Structure formats: structure tokens, C-alpha cells
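Got a structure for you, questions after.
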């Protein structure tokens, strides 16, 4: 792992997720910009002294020399460093698991995605919500035609924690998220809108045609948007509406997806992730439970307990890590990956997210609204 | 009553609503385009033979001559006839209760609203959702500053019943709603989007600045939109997102309003109308129940039973009728109306709805998206 | 109507319910123990002066002489007066609609029910919850065998409004409910436990075999139980658990019924009365909506609006009144009543409720718990 | 670990829980009654060959000789073997983590609990539901007097998976649960009723005075109860109602606790475990979210992610494992345990559960209902 040391929220989540299914061992790391602190943290995690590196170049150098070199490296550093670190790792032959957004700029994202294809290295991107079993259930059922041709998609990601100017009151998480040099051009749209956008595309399989958007900044002094409205047109005629907000009081982590087709609809809400609501034409709404008898193999393999035993965010994250492990193992063993190793968020998905943010911000900066097609869809 | 005879759904709703609180007696009517059927229906409703009129001109003529002439006339005819009927009634000195939309064209709406101001006649418009007690509760609390300055409004009205081409399978309700000559230029946006738009403005007190929109028609052969996405900018900087749909499977009558301010939010869902969800800054979500100890006088007077005894759509409709009665009585008695007679949907609200639909359709018909300000806001 | 005058909560509910569907006209009444106040109230309700009676004997005398005598009389007086008033009315040939409990004592209830059978008079009892359309839906589906043989029934009726000693703080409603001379021997079990008991029997069709119970009084100084636990054994082997409480903070009017059979279950919650939750063996929970395409005729005829337009407590009450009207009319016309006039709560149901309370209180007063069979089941 | 090998559901859950917070390493085990299969499974889990034992006596012998002997041993074997294994481990000086029920017989439970006190060994029992953070939140708030003196407790644990005779269709999990020689005298009451009973006592701090009960067996040919109703009287006057069922269709794992006090109530539902519903006297229901700003230290330390990121069953289980680790470490370091190491389910709680089942079954086997006080409360 690179980054994610002492006090880093997401680094800890990555470690729990990697550990949960026993799919990974954390054996090496460069956890901090301060080499000494990074090494101390590594030891606290039970990492051997000779694999507690001062920075990522040392990690690459050290691991390259070892027989038992690491299988992959997770990047949990600030957005603008993703590209150089991932590039160096891939050029040295390592597989990569990268936090989203893939990069801070579109240019970097295009280059990284290109490098993936050229190098053949594995680059998984942690779009967490695509790790949930009932999200896969929806995806499988949509692909099977259970709701017919899709007409409209309503997706939203409202949060409340940045409803006041906490970035100027010592909250580090909020500080970098509102700093354009660290976060890129998109505020809420970059931080969480990309999750919503990915989720909608992941479940529906639809490709965007074009979008128009309206960004707003409600907290005084904030440099980036904290509320975004996006109207989308998908190829083939479906329409979409996307809302992301960091100031929506009452919403802890309100990712919600609703997909309406010709013969049915699916609704999924992240705060009750073990249920998928299915409404067929006959008017009788059904609740499909994780683990129930008739769920798909895709959902079942991403599930550890029977229905009624809630699994949540960490398990979804662990499904991604288990999937990355299976995908990498399958490549080594020269076989097709099993269910877990399929339908993973990869570099191209990361690029699409960055391109989406660029298009939204371009649109919002235009004097009149315009329909824009992102450079990658 | 004019219109609303045998088999008319909404006419029956008006009659129940008028009766529920004993605020009105139905004593005269011209219920059908077929005079004979209309008179027969009148008799079936217990109306005296001499007040069972063949058409609205006969009703005006007959009632004008009576000492005990009707206090007001409810218009439940197709949209395009609202204007001439209302005009004739007002010119003859009658007060009017009119189904929404106020008229089928913007021109008619402007003229009717003008006539209201000139004539001093009362014209109530049945925007039903503004009759719900907890909608008033939200309105009062917003006005009291309980959630601070408003930032964003999410309002939606999804329906499912027109997800297939039932208009070509003998469903009369769907047939006129999809016929531009009877329904006007807006499909879902005119039929239900206007309810959502009114509700958002009613609770927030915000005035629209401008909007941009995307309309779609998903059912083959349908002449009007059946799905509408609208991005709104309110005066003062608040933003809004509105979705109306007639093809959203799983949604019976899913009117939902969410209002987010600087210090709190309100959420109301029409299918659970006795609750208002309030989320203040402190992170503890509260459920405010209709009839609970601390609700406003505005909500209390629109409530008949204690908390936990569900009141619904008919009671909301009855609240409008009770309000219209109080407003008319107060004017006669030359006094200010009580709580029930205030905050009623009136001709200007009807005009705003028609202007909103015009703006949305203009926007959707424009080649590039544009920000439009409706002619009445 | 006898009783239910100025300030009487339930009298007003009866009048709204009678009016809502235009099934009844209120034309005569003796509304108050104070004849003068009663007559004044009658006039305020638009009743003719000669039918504004001073007491129920005057009402009987007056109406008996009229050609257009009332069809039925609603009794909304305190419990202990139900019997003498109903008896006098029935002996004079009037049909009766009586508030529950049927009587204050078991002796009276037995006599009244006997009189019903002897006289052939109609005696409807307002067990309100059996007026809800989705309760009928559950009843019909159970009867059709959709959930197989019933195994266990969980029914509860928790309230919160008597959690403190409001009876000693001027609350008249609480005062008579906690006074054994006015309310009978049962506190919460008599006031609301009987509703729960009736509802369970109504939906399942099961007859009680025996019960054992535990009563408690939590508010200091209260003379009757305010919390009751009852274990029930039904004939045929099904078991039941009943909880009633007047001190259950957080519960406005929380009537909830869950019925579990061999092949499925139904769940209904009065505060969301438009939905019935059906769980078949296959593990996929379904939400059946009032007004949806596949509901029974029994539910449909008790419904006025499409799905998604909430109907509630007053509509359920109105369904009873519409049913009483249909039953009485059918008897006069010497025909079988239509759907609305069937499955109504009648005197025998009232007797069963009184017998249930007696059994529960006997059981609670026994030193050791005992299994008791009520005298009427 | 002893038991919990190939195909054992609960063994896998224990391992995930132990791993999730990095509090334990699994380094030794005797996983199967078949020594060869047990050793093979151990190797598959990455356990060194010399610590892959054939049975628990070999494990005790082997580990006793090691410097780096295991800190504690988890027992995941069938109920009737818990006692001899735990006894042998404790006598050899090992700490123990034991699946519930503590033992299959009351005699064994008394002996084991006695041994714990004598030996000073740590014996944690995995009453999973007491690991949930919002259960602790309720416990802390009740202890702080936030709802005043407790009046009534409603607790239930309905399941659906044994609604048919799956024990005779090859389902091993159902087979031993319905076999009195393996499961003890209680069916549903032993398997899940004990969880409900523990949860109620854990949150309220109440001690049982006495109980009376009614057991039923609904599936033909089943030897033990599959539905249990229990009325409870707590010391100090509070009352309780407990329902456990293995045949309640529609309930995946429906543990639900409702506690009503003089000034408020708490409600918690295991299938939405991140919320605690609090209803104070003022009538405004509040939803307290895991991770929100004002939750107790007890809840916070059992939480890994912010509000809105669902944590569930595995995290609750992990909280127990993290707590056992902290408690054992604290004892070694001769200090008071931190928050995580307090309020853990221990041998005495296990004994109480076994005594509860005995009392319920005794009561049900009595010809007339009786009030029984369990031997341990």
C-alpha cells in the first residue's frame, strides 16, 4: 500500500476490506509522506522492517528485488499523485488498486488508461458501490431483460457533512475536497457525483450520449461546487437525472438508484443495501433480499451470510478486493476469472468518471446551457 | 357543479371533499355535455328537478334568478373549456372553484387571472397537495426560518399507470391526457409536473428565476411527453430539480418534496402524508406527526383526528373545499379569513402553472438547451 | 344519533363517516344529557327543530310517530348506557349502530345479543379497523387459503397518550376510560385490546379456544390496567399473542396484525393502511396496494381512489356506515346484501369482545395463571 | 479454534469476525471430528502443520508445550460438547470463547459457570446481537435514565427458514436444531429465544422475576417447539413479552426490541441495525444514527465508518471478538479493560440463557400455566 497511514480514514477501510475475506495479506507499504512516520506505521501493522518503506520509489525498488514481491499495490494517496505513482508501479510491472478518482486531471486519466492497455497491468478502481451484492443483482436482471428497455434513470448521492464551512474549521477531509489544486475542478460532482454516475452506468449498461448541468456553491467561501444537478441523455434514448450534494441535511450517505424500464423498475438505496425493490408491470412491488433463494450467482458469491444478517459498506469494499484478487490470479493462471473477478471497476471506468466531471464543469462554466458529450463514455 | 357527471372520477372526488366537512351542499349542477344524461345524474345526486340544468348557460340563467342562488360553482370539465365557463360564471357574479390546469392555453390563463382581479370574484384552483396538513406544517416552519435560507429543492411526481399505450386501448382518462388539443402542450409536465411545481413553490415561498428542461416520450405513438426533467434556478440563488413521469413503474402516486436549507431540511412523501421528516443540523432526524402536540395551527385546523389515525387524499381535498368556503364567507362578512381560508391555491397559482408548462415545452423544443423565465412566476 | 354532541370526539367521527359516502342523512338526534344543550347542538347540525330531541326516550316517541322516521340510530353515549338505550330502540323497532364496547357488563352484552336475535333488529358495532379495505383483502385471501392453515397470530394495539396521569389533569377522555364504573373492568384491554382481538379473529376466521393473561397498571393511582399481555390458543391449534398498551411511548395508534400460515403470511399496520405485506414461501416479500389491479372485490368496493391516493381512518369508518346502510336496505328489499353489506361487525362480535375482556380480567385476578375460555367466542 | 471446519457456517463467521479488526490471528485448530479432514482444513486456512491438530485434547497438549501458545480458543462444536471441551481448556489454563448456548443442559451450564469463577479463566459467549453499536447506545441511554423507569419490554426473534420440514430433507443445520439430544429441550426458544432474552436483559439491565410460556410445534414430525410465546415479569414490576419462531414466513432474521419507559422508548430492529428509534414524551420520534455526533463512546468505539455506511452482522460479531481481545489483554496487563472490553456476554449470561430455556419448557410441560423463576437470572 502507498499512502493511507496514521489517521487516514480510507486507508483503514482498504485494509479491513482486504483482510475480511482473507484474500490479501498486507506485507509491504510506504504509508506516509514523512518516511519515518510511514515506517513506524508499517511496523504497527505487523509489517516486516525490511518492507516498511520510506516512499513509493523505495517500495518499487525493494519489492522488485524480492522473490516474494507483492502481488499488487493499493494507492491511497491524494488524487493528484495517483498518476505518477500508478505509472511508476505499472512500469515496474506491478498491478495496481487505485482509489477514485483515477487522477486529478483528464490528461492524466487518459494517459493512465492508455498505459493500462499498453502494459497489460491490472488497474482496479474502488468504486465501492459496485461491490454491493444487490447492485450486481440489479445489473444481472437488467441485462437479462427483466425490466425491458430502459427509459429513465434517477440517481442521487446526497451528503450532509459539508453543510457548513468545516473546511475552514480544521476538518482536513473537507479541506482537500474543497481545494481545486488537490481535488480537481469538480467539488461534489467529482467527489460523489462520479460514484452516482458510475453506479447508474454499471447497473444499466447504458452509455452516455450527452449531458447538461447546473452547479452551485452554497457555503460561503467554498471554491468548488457543493451541489450539482445533471440532466443526461443516454445512447438509445434513455434519459437520466443526477443529483449530488454535500449540503443536503438529513442525508448521511444517501446513494440511491432508480431504474425504470418498459416492463419493470429496480430501486436500490445504499443505507438499506440488503434489499432490492422490484416493481413489475402488474403493480405488485417485490422486495428481493440478499441471500434469498432466487438471487443470481453474481449476488450470491458476493454474500457471506443468510438473508436478514445485514452486510454493508465494508463487505461491499471487500467484494472489490476479493474480485481484484480473483482477476489477478486468473490472469496468472491463464484462465477466465470466476464471477467475483468479473464486472470490476477498472481504469476505463476511472477515466469515464474524470471525463464526466470535466464535461459537467465545462457545461456549468458555459454562459448558456449546452449539451456536451464527455471524451470517454 | 359543471361537469363531473356519471363516470367522471374527479367529479366524485370534488363531491366527497365538499361533503366531508359539511361545508357545502350540492344543490345545483349541469353535469354532462349530454343535457339529458346530466339532468338524470343530478337527480341521482338528490338535486331538485328545477336545479338540474342541461348546460352551464342554463345553470347561470337559472341560478341568477334565485334568491337562494349557489354560493360558488365547481368546474370539472375538460381543460380547454375551463376558460369560457369560468368567464361566464364570473361575469354573472358567481365565485368559482376550478380544476387544474386553470386553462389549456397561456393566453386563456392570463385572461382569466386578469378577470379575477378586475371582477373581484373568487377563483380557487384545486392543487390538491397543498391541502395536506403536513404540507402546511412544512410551509409554516420554512417561513419561520426553521431551516434557514433554502439551498436546494428536490421535487418529483412519478406515476406508473401510463407505462403502456393504454390511451389506444380504451382508457378515456389516458386518451384525453395524451391529446394535445384537449390537454395542451405539456404531457406529464402539464398533468402532474404542475402539481410538483406548485407544491415546491407553496412550501418554500420561492419564486422561479429560470429553468431548462428535457422532455421525452417513451411510449410509442404518444403525442406528448411522458417523462420530464427540469432544472430550476430560483430567485435568491436556490436551485431545484423536478421530475415528472407517467411511466415510472412502481410509483402509484409518488409526489415527494425535499427542501434543504442552511440549518435543516424537510421531507414529505404523499403516500405517507401524516408525517413530516425534519432533519436539523445536529444529525438527529425527527418525525413530526400530524396532530402531535407541537404542530402549527395551520396544520391542526386541517386535521380531524389524533395522530396515528391516517388522513389522506380526500381529507386534503376537503381542506381545500373548507378553505374555499371560509374565504368566500369571510369576504361576504367583510372580515379577514381564518386560518383555513388563507394560503389557498388561487387563479394566480393556476396561471403560474400554465406559464411553467409553456416555458418547459419551449425549452424542450429549442435545439440547444436554454434558460427560460416563465411569463408568470 | 343519541349522544355525541358538543365536544364529543367520536360523535363527530360518526357524522363524517356517515356523510362521506352520502349513504346517510343526519335528520334527528338527542345529543346531550343536558336536553337544552342537546337541542342547541342539533340545530347547529342543521337538524329540524321538531327532531332535535331532549333525550332518547323523546327521540323514540317522536320518531315512532313519523312517516319519515329514521332508518337507524347511532349510539355514541358512555359504555354503561349502551344497553338500556339499544334495548329501548330495538323494542321500538329501530335498527341500531352502536359504539364499542357493546356494553359495560357481560350480563348486558348477553342480553343485548339475545335481543338482537329475538327482535330481528340490526345492530352494527363500530369495530373501525374491520372497515379498512386491506384488512378485507387479508381476510379474503386467508379464506381463499393463500397462506394455508394458520399457525400463529401476532396482534398489538399500543398507544402512548395515557403514559402519564392525564386523567387527573382534566382530560375527560382519559378520565372515563380509567373509571371502572364507566369503562367496565378492563382498562387498555377493554378500550383497545378488544379492537385487536376482533381484528385478529376477523381476518383469520379463527375461534378462540382459551387464553391466559397478565395485566399491569403502570401509572400511579390508575384504577384499571394500562398494559395487557395475552397468550391465546385458537381452536384447531393456532396460537396468538396480543399486546395492548396505553403507555407505549412512540405509538400514536399502532394497531398491527401479523398472521402466519403454512405457506405465507400477511402483515398490516394501521398507520400505513393502504398496503398489505404478503410473504409467500418463496422468500420474496410483496406489497399489495389498495386499488391495485388484482385486489379482491371486497377491497375494491371499500376504496374510492386509485392506488397512491391515501385513504385512512375516516374512510374505514365510512365503509362501516356504507355497509350498515347496505345491510339494512337489503333486508328491507328482501335480498342478499352486496359486498359492502357483508362481513360487518355485529352484536355477536360486540358480545365476544365483552366476553374476552371478562376472561382476561378473570385470568389476571387469579392468583396463578389459568387458561380460560370466554363465554362467547 | 475447535470445530467450525469445512462447511460449518458459524465457524467461518467466527473467523471473519476475528480477522476483521486485526485483533486475532488464527494460528492453531482442531476443526473436525474427523482428524484428517480437520488437519486438511487447518492447512487450507494457512495454519502451520504442527498446529493443525486432530482433536481438542491434542490441541491442548500441543499448545501447552509452546512458548507462543494460543491466547484463547473458540469453541464452535455442537452444543452438547461445549461443556467437556471448555472444561478441559479451562483446566489447562486457556481462555475460551464459546458459541451459545453455553451448554446443552442446565447441569453443565451451572458447572461451567462455577468453574469460570473458580479458575479465573475468561469465558466469552457469542450473543451476537449484543455486539451491535446501537444496542450499546440503547443500553447506555437506558442506564442514564433517558427513558425513566422501564415499564414494558417487547422482544421478538422470528425466522422463516424452518417453516417446512427441511430437517427431513437433508438440511443439516435444521437437523441438529430439531434433535433434542443435540440441541437440548428447547427448539426455537433455545436456538433463538435465548438471543431475544439476552438482548432484552442486556439493554434494560432488568432481572427476571418469573415467566409463564406457551410452546407449539407446527411442522409435522418435529420433536421440539418451533414457536414460543413467553410472558415475563421482571423484578421491580416491569413486564415483558417474548416471541420466538422458526416458522414466521417473511422474517429473515427479524430480531426486534422495543423498550418502553416512563419518559421515553427505544426501538431497535436488527435488519436496520444502524438506527435506533427514540420516542420521548413530547411525541416527536427521533432516529439516532450510528456514528452521529452525539452517540455514546460505547457505540462509537464499536463503529468503523461514518453514518450512512452500513455496518452489520459481521461487524457486530467482530465487536465481540475485539472486546474479548481487549478484556483478555487488560487482565494480563492487570488494568481495567477499555470500553470494548466491558459489557461483554460471559459465562453467567450463558447460564442465564440455559436456565431460561429450562423454565420455559418446564412451564409449557405443566398442565396448567404456572409462573416460574429460572434458577439463574
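Here are a few things to note about the model shown:
Letters A, B, C and D mark the chains in the order given here, with residues in each chain numbered from 1 onward.
Rule of thumb we're sticking to: a contact is a pair of C-beta atoms (placed from the backbone, for glycine too) under 8 Å apart; a residue touches a chain by one contact, two chains touch by 3 or more.
A quick note: this is a predicted structure, and the numbers were derived from the prediction, not measured.
Common neighbours of subunit A and subunit C (chains touching each): B, D.
Of all chains, the one whose CA centroid is most distant from that of subunit C is A. Between the CA-based centres of subunit A and subunit B the separation comes to 43 Å, rounded to the whole angstrom. Subunit B and subunit C have Cα centroids lying 36 Å from one another. Each chain gets one centre point, the mean of its Cα atoms, and the points for subunit B and subunit D are 55 Å apart. Of all residues in subunit B, those touching 2 or more other chains are 251, 283, 285, 289, 307, listed in ascending order. Subunit B meets subunit D in the complex at residues 282-289, 292-294, 307. Those residues of subunit D that touch subunit C in the shared complex are 147, 151-152, 154, 156, 160, 163-164, 212, 214, 216, 218, 227, 229, 231, 233, 237, 239, 241, 243, 245, 247-251, 258, 260-265, 267, 277, 279-281, 283, 285, 368-371. Subunit A contributes residues 12-13, 15-16, 19-22, 45-46, 159, 161, 251-254, 270-274, 289, 291, 304-315 to its touches with subunit D in the complex.
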